[in-house]
Each structure stands twice: as C-alpha cells, then as structure tokens.
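Next come two complexes, and both contain chain A; in the first it sits with chain B, in the second with chain C.
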Partner chain A sequence: MIPMDLNHIFTQFYAVYGSLINFIGINSLLAISLYVTLSAGQLSLGNAAFAGIGGYTAGILTMYLNVPYIVALFAAALMSGAIAMILGFPVLRLRGVFLAIATLAFGEVVRILAINLQITGGAEGLTPIPDKTQAWMIFTALALTGYFMAVLRRSRIGWSFASIREDETAAKAMGINTTWYKTLAFTIGAMIAGLAGAMSAHLNYIITPGEFGFSAAVQLLIFNIVGGTRVWYGPILGAALLTALPEILRGFGVTAGPVRMGVNGFILLMVILFLPNGLVSLFSHNKD
Partner chain B sequence: MALLEIRSIIRMFGGLCALNGVDFSVEEGEIHGLIGPNGAGKTTLLNILSGMAPPSSGQVQFAGRDIHALPAYQVASLGVARTFQNIRLFPAMTCLENVIAGQHLTASRPLLPRLLQLPSAWRLDHEYEKDARSTLARVGLENRARVRAQSLSYGERRRLEIARALAARPRLLLLDEPVAGMRQGEVTQVAELIRILAGEGMTILLIEHNMSFVMTLCSRITVLNFGQVIATGTPDTVSRHPHVIEAYLGVDKSS
Partner chain C sequence: MNLFAQQLINGIFIGSVYGLFAIGYTLVFGVLDILNLAHAAVFTLGGLVALWLVQSAEMSIWVAFPLATLFSGILGLIINAVAFVPLRHRPDTYFSGLISSIALAIVFESAAIGIFGARTVRFPISTIAVHIWQIAGVTITSLQIEIVMIAACLMAGLTRFLRRSRSGKAIRAVAENERAARLLGVHVDGIIAFTFFISSALGGAAGILFGLYFGALSPDMGRSIELKGLAVIVLGGMGSIPGAIIGGIAFGLSEVLTVAISGTSNLRDAVAFTVLFAILLLRPSGLFGRRQIRET
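Then we have the complex of A and B:
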C-alpha cells in the first residue's frame, strides 16, 4: 500500500508543481546552452533567439507538416546550429561587449522577423502547437546534455574551449584554431537552445515573439552567474533556484512583481559580491 | 638550408618602423640568441615568427615553407612553440592542467570514445597525464602539479610557460626573456634545460637581457638595434663588434 501512497503523493505534487518542474528543466537547458559559449570565453546574448528559432522551426513542422515530434526536435536543433555557424564566423571576430551587442542585435532581427512573417503567426505568435512535450522528455534531454558537457570538458574540444577562455592569444600560440573552436562553442550552444525552444513550444501550445527578447537573453546570463560557470551543473543550479524562486516566495506570501524582481536582483548581487564563482563554489573544496 | 630563414622583414606601426629590413637565419639544433636594447624590435620579430602578427613586408621560411602569411595556430602546428615576455599562462588552471592544455597538438583526446565510455579514452588520458608530469619535472615543477598557475612565484610562472610550450614537442622553441626576474639558481636550471633540449635536437631562439646567460649558452647571437641587425655571429665576435659596443654603451645606459 505504501507504493500506492507514494504514487498518489507524487501525482498530487506533480499536479501542483508540474509546470514549474517542466519550466525548471527547460530553463536549465537554456542556461547550459549559454554555458557552452561562456566556457569558451564568449559572451553571447543570442541564445534566447536561438531558442526562438528552434521553437518556431519545430512548431511549424509539427503544425503544418505533421512531422513527428522527435524529428521536429532534431530539425530545430540543426536549424539553430546552422544559423549559429553562419553567424559565428563573422561575429566571433568581435570580443567581449561587442560580441554581446552583435548577438543582441541578431536576437532583435529574429524577433522582428517573427512579428512580420506570416508563417510564424505574427505578433500573436504561433498556435496551437500540438502538446507533445512531457516531463520525462525534458529531463532526459537535460540529463543527456549534462552528460555531454561533463564528457566534453576532458576532450580536445573542452580543453580548447578552456584555453581560449583563459587566454586566447596563448591558445593560438599553442596551435588552437580559435576561430573554429569559438564557432563550435557558439553552434553547440545554439543547438541546445534550439532544442529547448522546441520542447518549450510543444509544452505551452504557443510561441510568441516576445518570449525570446532581451530580458530572456539576460535571464540566461543571470542563471549562469548565480549558478557559476566553472562546471556544467552550475547553470542548472542557477536556473533551478531562480525559476523556483517565485513559487518559494509565494509560499511566504510574497506575490507582488516588484518584490520578486528585487529578490532576484538581491541574490544576483550577493553572488557577485561574495561568491564570484557562483553557487557551485559552495560545494567545491578548492574555492581559492 | 637553415631551419629558419628571416628575409628583409619590415614592420611598421603607423609611422614607426619597428623592424627595418631584418635578415638572418637560425640553424637546426642551435641555440640562437637575439639581443638588443629596449625597444629594438625583438618581441615584434618574435611575434612575426610565431604568426601572431604579419610583417608589413618580407619573408619567413621555416623548414622550407613560407610561414609569414600563416595564422599563429598553423605556424604552431608546423612545430613552432613560444613563450611570452609578459607571461601568458592559464591562471585558473593548475600547473598540470596548463601543460595538458599545451598538448593540443600532440594529444588527440577525441570526443566520441568518451561519450561511449570506451576504456581506450581513459587509458590515453593516463598516458597524456604521465607525459604532462614528466614535462613539469623537466622544468622542476613536479611538486607544484596541483597548484594553480596564479599562485606561483614569478620564476615558477616562467618555467611553467616553458613546460607548456614543450608539451607541443616543437622543432623550434621561441623564448622571450625566459629568465627575466629569476633568481640565480633558477637561471642556472633553465640554462641547463635549454642545453639539454638543444642536445636532443630542438632549435632554440631566445631573447634575453641577461648577458652572461646569453653569452655562455648561445652558439650564435644576432644583435638588433632600432629595428636593424647590426651583427650576427658567435658570442665572441659579437661582443667585440664595434657597433654592438656602441649600441649598448650609447643607448642602454642602465646596463
């Protein structure tokens, strides 16, 4: 009888918190997508737009062409990745804040296109996208992505990313084709973002141009800063905490928007001031 | 033919002519010194040789190939490694990790066997790590393997940078002031290492202001002043050369 009870409790819990849990999963994927580019030392604010591209691509495929969901997911990741690769070669010559601005401008172009195109459903968005995404799919994707990141770290690609992040000039002198590896990081990140966007679109029945704008891009950066960018689970930690925060605050009776934003900002500030390597440094032994 | 041929290199920075027709060559297996007063253009030349910056005109041939138009990573892949005057380590990585990162050209570390958890991936990792440890030992940093580069002393940083360059197993090693700021004991140690490397067949071109180091270590020396070669030859000939004496006494009053 006990398993039945557990099952019951779980069902109840999921009925109340299911959408939050799914949302945490999606946001974690998005946070990892930015983590990939950050791990190669590149600050991109275009990942929200890549999620949008993935969402629209997959949504159009399943809605209009009856393409199977899993195929649509792959197509979304490939589409975002292909665009990232084309965009990457010119844009990744830029450094630091200039790269951030260029990727932000790219996001704006994507948003304006989504508003003005017929096939994307214009300003109202694309709907009704079939309801295909289930929690286990999101978390399988997240687990696979996490595993990929953990393994990538010790591969030739991972070492190249880390070298570029630490000192790009020295990396070149060691024989690393920095342009290629930066583009690769940007592309892998975009593919993960595209996948997350596609899953999100098939979870919410709708995707609108507004979802993937500036504030979404910055939100991903905040997940990374709060969680920490030294290891792959840092961004997951940041995404989980900050996504769950409104629910936690609601538990304390705080529902007003400004207060929630304030708490968000406060956490960000505290992490920057006291845990420059993010929340993960609370769990690691060598904090320096 | 010499391993490295430098021909009529000119490098302008706006109106400033940092290198004004530099010609000399470095023979395979020799330890070649590049000296000259501050601002003579030594580092600028090293940047050109390593592909970090193109010359305004002129040619560089390495092992019979033109390399002056190649990007730095391709020059490196032909067998040229370098260190930097203003040390460029990977500060947040440990010493061991710095050297492992430096194995980019010598270690494969493919992704797929790792994703599939094939034992071959870890076996190779083990080999590479052993290599990295022995490279650290060559510069006397074997006991600092787990220390982050940013917490090393100045001399240790310079030695770690040499170790990272060695991890690429270069044919030509370019060193920009390898013993600057080192204690005498460390200087002797680095000189010994360079001698051993040359004995193993590596070619070394080094910039250094420490005269006794250069004079005792190098088989040939090129002297640069105001972007021009004023002498090339054995330490003996060079130190007696009137233009060299003039350049050092006339310009570099500090030494």
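Then we have the complex of A and C:
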C-alpha cells in the first residue's frame, strides 16, 4: 500500500501548496525574462509591463474572441516581443540607470493605459478570464525556457550578450552589432515575460493594472540578484526562495507582514553585500 | 479662469514639495553618479517621525520639523555607510548601489509599517493654524504659503551653501572629479557622507511638508513620489539643482493641469511619464543637464 500512501501524500501536499508551486513557476519564468536582458548587460524595469501586455492580450483573446488557449499564449508572447522591438531600438541607446528609468516610465504609461482603456476593464481589471493554465503547463514552459537559456548561452548569440555585458565598447570594436543584440535580448526577455503574464492571467481568472507596476518590476530584479545572474538557474532559485519565503517564515511562526517584508529586504542586502554573484555562487565553484 | 489660476497655484505648491524631494535625489546623483532609491523611504520616515513627535511627544510642529529633518539626515548617513560605502570599490558599483539602496528602502519601509502601523495617519488639526484667504477669487491658505516659504528657504540655503561655503565647494569638487579632489586634499569620504546627510534631510523635510499639505501620511506614500522624483530629475537634468527645482514645479503644474483639462484624475501621471519618456529619447541630458549619458 506504500505507493497509495505516497500518492496520497502528494495529493495532500499539492492541495495545500499547489497555488504556491504555481506561483513559483510563474515567478521563475518572469525572473528568467529579466535574466535574458541582464545577461546582455541591460537593466530593464519594463519586464513587469511586458507581462501585463501579455496577460491582457491573451485574456482579451480568450474572453472576447474565444481563441484557443495555446494560440492566445503565442499571441501574447508575440505581442510583447513586437512592442519590445519597437521600443528597444530608441530606448536601448540609453545606458545604465537611464535605461532603467526609461523602461520604468514605459511601464507606468502601460499601467495608466490599462487603467483608462475600456477593453482592459479599467482599474478593476480584466475578469473573468477562463482558468486554462495548469501546473504541468507552467513547468513545461519553464523547462523549455531553461533549456533554451542553456542552449542560448553556448551559442553565438549568448557569447555576444556576454561580451556586451562585460564591455560594450570593446564588443562593438570586435564587430559585434551591439544595437541588434541588445534589442534581441530585450525582445526575447519581453516574449518570455508576455508568456508568463498570459499564463498567470489564465491561472488567476483576473489581471489588474496594479499587478505589474514599479514594485513588481523591482521584485523581478530582486529574484535575479538574490539567485544570481551568472547562470540561468540563478533567477529560478531566487524566485523559488523568495516566493516561498512567507510559507517558510510561517513555519518559524512569523506571520507579521512587516517582518516578512523586512526579511525580504534583509536577504537582498546581505546577498548584494556579501554574495555579489547571488546564492548560486554558494553551490558552484564555477567562477565564470 | 479663476479655476485655472487656482490650479496653477496649487500646482506650484505641490511642485515645490516635489522639487525639494528631487533636490536630494539629484544631489547624490551629481556627486556619486548613483541613484539612491532609499530616498523615498527617508521621505516617508521623515514625515512619520514628525507626526510621532507632534502627536505622542506633544511637540510644536516648529520643534518637530527640525528634529525630524535631523533624524532624516542621520538616516542618510546610515544609507551611505550600509548601502554605498562597502560597494564603492566594486567594478559594478552603480548597479550594486542601486540594488543595495532598494534593499535598504524595503527594510526602512517595513520598519515604518512595524512601528507606525500600515494605516493612513493624519496630523492633528491643531498642528498648525490655517488661515484661508480669498484673493481675486483664488483661495490660498497660510499653510500653502508656509510650505512654499520653507521649501524656497531650504532650496536657496542649499544653493548658497554649495556656491559659497568651503564644504559646499568641496561637494562640487568631488562631483566634478573625485580623484582630483582627493589629490587636492579634500576629505572625499567625509564629503560624500555629508552629501548623503543633506540629501536625506531635504528628503525628510519634503515628507513632512507633503504630510502637512495633504494631511495624510502612510508607509507606502514614498512609492509614488519615488517615480515622480525620478521624472523630475530627468526633466531637469541629472545632477542639476536648479533643474530639479524647475522640474519639480513643472511636474506639479502638469499634474494639476492634466486633471483640470481632462476632468479626471486617472490621466494625472500619464502626461508626466510620457514627457519623461520623450525627454529621455530626445534630449536625455534634460533641460539643464550637462552630462553625456548616451553611448558615445
């Protein structure tokens, strides 16, 4: 009867922690979306907005046009990617913190549009979006994205990203078309974010403008920093740890909101001060 | 027409608070080329501490104001020591400084919620005597005048300090070229800490004025002004103090005028952020900036 029991335990576990596991999957996808942009040395705070664009696109398609779910997912990724490409060419000329501010401003404009447009449902959000997303779909998408990242890293594109991150001027001097590769990184990131946003919208029945504001954008950055941005599974580790943190703290008897938030900030501070390559550097000896 | 004039005046009042907040931002950026994202948390804590002094310690606002401003300045010293000094010699110091200041902002904000609660709190009505004047159909309160006067005095004082005093000149020297300043005998680390002190004191003062003006304070009030402050300093030119003042007032005006013209508050921030976006693309050095910030 042991297999039965195990099965029972899994069912129980999933019943209690199912939504947490799903959120970990979605947040991991979102964290990877920013990782792609960071791997080319570009700090974007617009990825939460791209997730929003994807969520709204897919939600509108399935709600109003009865488009099949899988088609809506592709459409969401393409929509976010297309907007990122149009946005990327002018915006990516900006460096460092100015790029961050510009993408932040873009995110705010998207959020304000979502509040004011009719088709996005205004401030109350778009609902009821059919619940089509299941755990296996999220984790299939995550596995495929992770595989894609691993392949990308060893490809010509991945090396170009890395060289731009290390020294953009030198990369340009080596004949790398930096504008094109930066836009490519930005676009791939936006497509992954759009996909994650679409899956999230079909998981929660609803998408609201408040979900992808400044705090969400910063949260994605925190996932990446805490996990580490040198390898693709760093952001996943960061997203998993920090998404599960409230539950972990509950295990220690901590339920107060401010304490949870404070621990979140404290972990981030400790990582940036003492582990600049993130928590993954604790496990790997590969200094890259 | 009166309504329009009224909106213009309101815009200038709120804009002067934005300007005061943005000066602190831009001062640190001018000296270190680093954005201190914990600035908004200092803004919040400054306001909340002033409220606590008025309410629980039963001080007059005229005593509480300088004390809370001093407290905010000390927070600035903590921010510098914890989030920036340990990272100063790392190759990616701009990026990691941004992150560590975000981390400290989260810690500060959670401390604010833990100590003062998550509710919106108000200054007691008796905190400050308010007279209301009607001049040519336009309403002005003594509180508004006081806010603008305090903001103007602080801005003028800072400008004079940077121009004339020895420490002010040292700050400008470090901003211009850290290495050269060090060679000339400027105590660079002390000057940087001092810059953080002034910057955060101004940020805290802006928080107190904001709380007095709107009557309400909440632990998350720093979030919206954080973005507005960024918009203001980009508009004015990063590192430029007159730019921050004029940018702040322009931003305040754009807010109230958008509401007045569109008749809804939903679009309030849209114009400002669209302008911010356009400026970054078309003239990224801002209106008064001198820095080269696009790739060369």
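In this text, the second predicted complex is superposed on the first by the 285 of 288 C-alpha atoms of A that agree within 3 Å, B and C clash if a C-alpha of one lies under 4 Å from a C-alpha of the other, contacts with A are read in each partner's own complex, and residues count from 1 in each chain.
Basically, contacts are C-beta pairs under 8 Å (C-beta built on N, C-alpha and C of every residue); 3 or more make two chains touch, one makes a residue touch a chain.
All figures in this text were calculated on a predicted structure; none of them were measured in a lab.
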| item | value |
| --- | --- |
| Partner chain in contact with A:Ile83 - chain B first, chain C second, else both or neither | neither |
| Partner chain(s) touched by A:Ala162 [first = chain B, second = chain C, both, neither] | first |
| Which of chain B and chain C A:Arg154 touches, first, second, both or neither | first |
| Partner touching more residues of chain A, whether chain B or chain C | C |
| Contacts of A:Gly175 with chain B and chain C, given as first, second, both or neither | first |
| Which superposed partner A:Leu104 touches (first chain B, second chain C, both, neither) | second |
| Which of chain B and chain C A:Ile236 touches, first, second, both or neither | neither |
| Contact residues of chain A, present in both the chain B and the chain C interface | none |
| In the complex with chain A, residue positions of chain B that touch it | 50-52, 71-73, 76-77, 81-82, 84, 88-93, 100-102, 104-105, 107-111, 114-115, 125, 148, 164-165, 168 |
| Chain A - residues contacting chain C, complex | 43, 90-91, 93-98, 100-102, 104-106, 108-109, 112-113, 115-116, 123, 168, 214-215, 218, 221-222, 225, 256-262, 264-266, 268-269, 272-273, 276 |
| Residue numbers on chain C that touch chain A, as the complex places them | 35, 82-83, 86-87, 90, 92, 94-96, 98-100, 102-107, 109-111, 113-114, 118, 223, 226-227, 230-231, 234, 266-267, 269-270, 273-274, 276-277, 280-281, 284, 293-295 |
| Sites on chain A touched by chain B in the complex | 147-148, 151-152, 154-157, 159-160, 162-163, 166-167, 169-170, 172-178, 288 |
